[in-house]
Amino acid sequence: MNPDHDPLLELDDVHAYLGESHILQGVSLTVPRHRVTVLLGRNGVGKTTTMRAVLGLVRRTGHIVFAGSEIGREETHDIVRRGIGYVPEDRDVFHGLTVGENLRLAERRGGRPRYDLVYELFPELKNRAKHLAGTLSGGQQQMLSLARGLLNDNDLLLIDEPTKGLAPVVVREVVEVLERTAGQTTVLMVEQNLAVARRLADHIAVMVDGTIVLNGPATRLAEDDETVRAYLSVESAVSGAGS
Amino acid sequence: ACSTSGSAQGGSDSVKVGVISSITGTYAVQAADFRNGLEAGLNYLTKGTNTVNGRKIEVTYADDTGKPAVGIAKAKSMIASGATFLTGITDSSIAIPVAQQAVQNNVIYLPGGSASYQLTGMSPLVFGNANKNGSKIFPKLLGEGDLSSKRLAYVGQDYAYGQDTYTSLKAQIDPLGIKSTEHLLPTTTTNFTAVAAQIKAENPDYIYSSWVGAGTDQLFAALRAQGVFDTSQFVGYLITRETYAAIGQALGPKGVENALFSLYYYPGFSGNDQEKFLISWSAQHKHQMEYDDPTGWNAAAMIVHAVQAGGTDVKKMASSLDDYTWTSPQGEVTMRAADHAELTPQFAVRLTQGADGSWTPVLVKAYPAKEMETPVTDPIKRQ
Amino acid sequence: MTVRKLVIPLVLAGGVALLACAPYLAVPGLGVLPDTVGSIGSLQVLGTAYVIAALAITYDLLMGYTGLVSFGHGMFFALGSYGFVMLLAFTSAGFWTAAAVAVGITVVAAVIVNAVALRASLIAYSMVTLAAAQLMAIAIGQNYLGSGGVDGVTIPFEKLPAGLVGIVNTKHVYWLALGLLVLTFVLARWLTTTRIGHVWRAIRENELRAEVMGFTTYTYKLVVALIASTLAGVAGVVYAILLGAADPGETSLSFSIGLVIMLILGGRGRVWGALLGAVVYTLLQQRLPAITSSAGVAALPDAIRIPLAQPQLLLGVVFILFVLFLPGGLAGVVEKAIRAVRRGGSGPPGDAAADGEFAAAVRVPASAEPTR
Amino acid sequence: MSNVILMIFTGLSVGAVYFLLGSGLALIFGLMRVLTFAHGAYLTACAYAGWFILRHSSLAAGPSIGTLLLALLVGVVVGGALAFLTERVLLRALYQRDHLDQLLVTAGLGFSLVALLNGIWGPDSRAVPTPPWFTRTTTDIFGAHIARGDFVLIGVAVLLLIALEAFLKHTRHGLVVRAGVENREMVRALGIDVRRSFTLIFTVGGAVAGLGGVLAALYANAVNTTIGDTYLLYAFIVLVVGGLGSLRGAAIAALAVGLLQQFANFYVNPGLGEILSFILMGAMLLLRPEGVGGKKIRLI
Amino acid sequence: MTDTESAALAVEDLSLVIDGAQILRDVTLGVATGELVAVIGPNGAGKTSLLNVVSGTMRPTQGRVALHGRDVTTASPARRARRGLGRTFQTSYLFLGLTVLENVRLAAQAKGQRFGGLWRAPGRSAAALAPIREHLARVGLDGARNRPAGSLSHGDRRKLELAIMLASGSTIVLLDEPMAGVNSEDLPSLMELIRDVQRDTDATVVMVEHHIDVVLELAHRVAVMHHGALLAFDTPENVVADATVRDAYLGEPL
């Protein structure tokens, strides 16, 4: 089966708005099954917003098809229950809840939470289960956030900068786990650490100012290094001095 | 008065009366009573013409909503549009500043339901209602005979009204040799067990309460639970009809049997023409009579007399009311010149429960205004 | 730019001049006011609205600009009122002495209460001020120092300057109230544009960040609290003159909540929003009963009449609708309208804020804030 | 001695009433961070609902146990329903906004609801028929006359504490709401319908207020439109002293405030207890801002 | 090793215990004026806590903190800031409702606080705004200056933190993971920026950073923390060569 012909997630002309700003201006993107797709782009181009649009966390229009069904109009919790794990860029752990409670909250009804996997990857979380998540260090919070995303057996993982704030050793472990899970799970991730991106990416998508300008197999990243770099160094019209 | 405003002259063909009351708010019942009594009184005294000496009595009503700021604004605007009389206020915190306005602006203030002491003796233009406080009925409720060995415990709200009531009570019972203790509690009290236990420990012969409004029922329940009513006789006020049942129930069978209350107006007692008229007027207007209906009637009586005797001169109108006596549905009423305290009859009643479960006061004894006269403590200073 | 700089003060000055002429205007009050604009009743209502508006502006400095939600701001207003009236009534102090001492008392109380309350965190600050105000309410309710309990205390009017006594002089009291409002407004407007005003807003946004930046936030908060409380005390004195009395209602929780409501109606964090909200609130409160007790309402069937006959109910409903549908308050509506008009004229939408102006009422989504 | 016992029991029963109202507040505030000023109005409305059921009973004999339970049930249902509607209609739109907006909308509702009750039944007190054994019969413990109702109140408060704690422990709703207050979007992004839990918790809070309202009406023998506000202030004290949102903290605080008030009022000076309650609240906020049962979190 | 007496920033015997957990243990560290020190260490090693104690948002249970030789152990964060200390936060910590420009301007204002100046409006002329816009331009945010900080993307917020730092004119700068979330294309220019500023103003910089390339490129010396203690404090080369550091922190390269 050719993954390109059977994408797990497909965005077609998706527009998203924040306040009065038009952030995504017609994003079209395919995320092939059982592959890692890395979304690249400068700060402020709309990578995070794209993920949030898939989850229904921002006002959006256009078509979003997940595993064959249109989810562009569904509510966030219904979308997520279809089998999506989300690791936000801000960590967004619940500071007032303990580490254990954070994980308990992430358990999906009817599913089998994979505590063994999570604790093996981040043993620290087990030791700190009774502590408030708000007392964790930045990196430890990132671990918790990743753990919440990995806890359930999801079909799709949306991961926004998974290695941000992690020590190099841990980055390595995370990469290995993601490689392992990629066999059964589909991953769409944003990653600024180029080493990580290179290692994991099967597919890439490059964003400039709210649209996808490049979307294809990662071999292009190596071959077309110049093109990709050219896109990536385009000053964003939103945050750049040019506006 | 500092200013002789043109307002008092008004239109020479009409007399303007401004009624300010809590049409909405805590004292809405009193406001409705007052209005009914006033209208009935005016109708009766002017034989339905609503004119005195050829001058029309024009009454306007305003809602103070229980707020002094609103009440004062209404008063000022009524004064500005030529009112000669202001009346109708139940809430003391509005009555006092409005009475001040009346003095400043050469307008006559007539009593509404407010029981504040500060109104008596304030000014030649201000007429107070002294019935609810400082009444001689207090000792009468305690019974005849030698009382010198008796003890009384007083419970009241810890502000001017409750404090004043105790002061006047004490002034009446000290000469009789009755020893008394006072228990003043914050108006916001909700649990009365502590005070009930204290009173129980004192084992007084009488327990006297001037409590009104929120907390009344808890107070009675607590006194009863501690068995105060088993050993002490209750004496106190009855205010609106709505509270009869709560008080009766709380007192319990034994407590209610012994309890004696004072009442400002006992419907049906005087049986005079005025009362008959008020009763039929109320029936016509589908109004349930209460203790403040005569307050309105009394205001009407004073207005009509003042206009007859004083013409258009405010000072003359006011002085015509000094020591004026009239017949009201309550009986004979006098406006005492020295301090402008309104002397009215008082009634001692018991509370009884009818077969249908409703509670009604039953007359024990009526006291005419003369017997109710208290010493003048705060005479009006006249230049 | 320069045109704006000239036009706005001119318009404001013109507005004030017009309001100052109100006592001589025989324009109909159109139901908003009890009578014609220049009538005594209307002047009294307007005067009350002005004083309350001045108070609301001082509260906006605290709550709208600095983010300090006090539930006891009425306390300082009441201290001004009670201090002034009680000094006049029970001491030989004259008018000016009483006024000055009353404001002095307010300042001392404000220093004590705020120095203590500001040590606590934000929500605790609300509660400590609530506790302080309740203690004062209890003290007044229980007639401490002759404060009169529920009756309040009235001004012995012989001690007032002759020009403030009697309804013929209502216009003087009106001007006094207007003067207070103009003074407070100008002062607040100016304060909010200064550097200190910017620090207050920074504290509202993120206090710890401001502290780490080098602002001793405690001192800044104390300064704004003192300014607001002192002005509230002055407003209290004027209110006492207007009312002829000190009124225990000023100490109640609902009075202080009323201030919050005014800011919401008008739009918090904007001086003229507070002004607008307070005026509308006061007018509604004074005028709704007239509507609800009108003959038209009395004739309605019970199910409609009962709700309509309760001004508090209508006020509550109006207020709920505002919170729900006009979160920027009246000021927000006006600003939106102005922006729409300007946009229709020229310039791209994003260009409205000039360099150095605060961003116009940005609503940062909750998720954008760091979870603390 | 008998006075000490009496004061302990009345202190406990006053504390129980404070807890009945305070726990609903603590639940709502502790989990949802909504400081609801409508809570007093719920209590008042439910007190009237209870009175509505009880008023047909004879005043002398008092209502039967069945009627009593019915009144309690109606109170709980009315309180729950009011809270349910409040949450659905008013609060739901406001979670993305400042907590102050939520406070204000409930304050507006509180105003309106009390005004409506005023419009229908007037400002005067209404007598609530109470079974004779509730307020009028006493049990003697070491010579102190303790009203039987006091035992009922204390019992109900204890049961309520147990029930609420069990509810939070054995369901995920408490967790969902606490997390939802911090970051609503993230809870949704975990696949949880956060709105359901919010509605449920708010409704439970209202139902608890309803229970408190009917009991307060029985306890006072009467209802009027101010009873909610009277208790609300003390419920706030309990909430604050207990540590914003801790149920157990609220229980301890309610107990402490109740006892403090009774002893101060009895042994020193009536009214002192009320003043001391506010001083206690102020002191607590300054010395231990997180309250008896609250926890501190790292800021950065 | 810098003598802690003459150091711009010195901490001595610093310990921090919260609820029985030892978060910092006897940390002694001196950073010379004009030196750029990187702090590395596993997650939860205590790096941020060290910055918190130095900047005053946390009080140590034991030990001393000195800035330019002056003891500030009990001083408030604001006092330390006025002594020239500035810091950024691990997760951006900004005035979200104020514009980007205002965020930066406040930092500049904090530097020159004078009582009289408080009662004047901040300058709005082009000349007055020039230095602020200059700072914004250096991090690439001048175009966004009138937008509320709350509407910036994550990476842009990190850049704004740096601009704030520039404007504050601090002589001792603590940076907590300044590069986290910054897109890879902008890394070199921001590194350049940090180096330039540090050189031009002779500022003392302590930077916590997990980007090992950045550390190697910028740092004069590297402090390694582990379980709250200072494990090593040496040149980047020596630290990277250290076997324990490799095992506990760096691991195999990807």
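Note that the chains take the letters A, B, C, D and E in the order they are written out, and that residue 1 is the start of every chain.
Basically, a residue touches a chain if its C-beta (ideal position, glycine included) is under 8 Å from a C-beta of that chain, and two chains touch if they have at least 3 such contacts.
Labels paired with UniProt names: A, E = ABC transporter ATP-binding protein; C, D = Branched-chain amino acid ABC transporter permease.
In this text the structure is predicted, and so the values were computed from the model without any measurement.
Participant: Given the two chain pairs C-D and A-D, which is bridged by the higher number of C-beta pairs in contact?
Facilitator: Most contacts of the two pairs: C-D.
Participant: Which chain maximises the distance between its CA centroid and that of subunit C?
Facilitator: Computed centres place A farthest from subunit C.
Participant: Using Cα averages as centroids, what's the distance between subunit C and subunit E in whole Å?
Facilitator: 43
Participant: Just how far, in Å, is the C-alpha centre of subunit C from the one of subunit A?
Facilitator: Centres of subunit A and subunit C (C-alpha means) sit 49 Å apart.
Participant: Could you give the separation in Å between the centres of subunit B and subunit D, each centre being the mean of its C-alpha atoms?
Facilitator: 37
Participant: Among the residues of subunit A, which ones contact at least 2 other chains?
Facilitator: Within subunit A, residues 18-19, 57, 92, 94-95, 135 contact more than one other chain.
Participant: Which residues does subunit B have that touch at least 2 chains other than itself?
Facilitator: Correct list: 24, 158, 186, 188.
Participant: Using the touch definition from the top, which residues of subunit C touch two or more other chains?
Facilitator: Counting only residues that touch two or more other chains, subunit C contributes 138, 142, 208, 309-312, 362-363, 365, 367, 371-372.
Participant: What part of subunit D is in contact with subunit C in the complex they form?
Facilitator: 37, 90, 93-97, 100-101, 104-105, 107-116, 118-120, 182-186, 233, 236, 240, 244, 271, 274-275, 278-279, 281-282, 285-286, 289, 297, 299-300
Participant: Quick check on the complex: what are the subunit B residues that touch subunit D?
Facilitator: Going through subunit B, the ones touching subunit D are 24-29, 158, 183-186, 188-191, 193-195, 197-198, 201, 213-214, 216-218, 220-221, 224-227, 240, 242-243, 245-246, 248-250, 252-253, 353, 357.
Participant: Which residues, counting only subunit C, touch subunit D once they are in their complex?
Facilitator: Those in contact with subunit D are residues 69, 116, 119-121, 123-124, 127-128, 130-132, 134-135, 138, 142, 208, 253, 257, 260-261, 264, 306-307, 309-313, 315-317, 319-320, 323-324, 327, 363, 365-367, 371-372.
Participant: Going by the contact rule at the top, pick out the subunit E residues touching subunit A in the complex.
Facilitator: Against subunit A, subunit E makes touches at 18, 40-45, 47-49, 90-91, 137, 140-144, 151-156, 159, 176-177, 180-186, 210, 212, 248-254.
Participant: For subunit D, which residues are in contact with subunit A within the complex?
Facilitator: Touching subunit A: residues 172, 175-176, 178-179, 182-183, 185-194, 295, 297-298 of subunit D.
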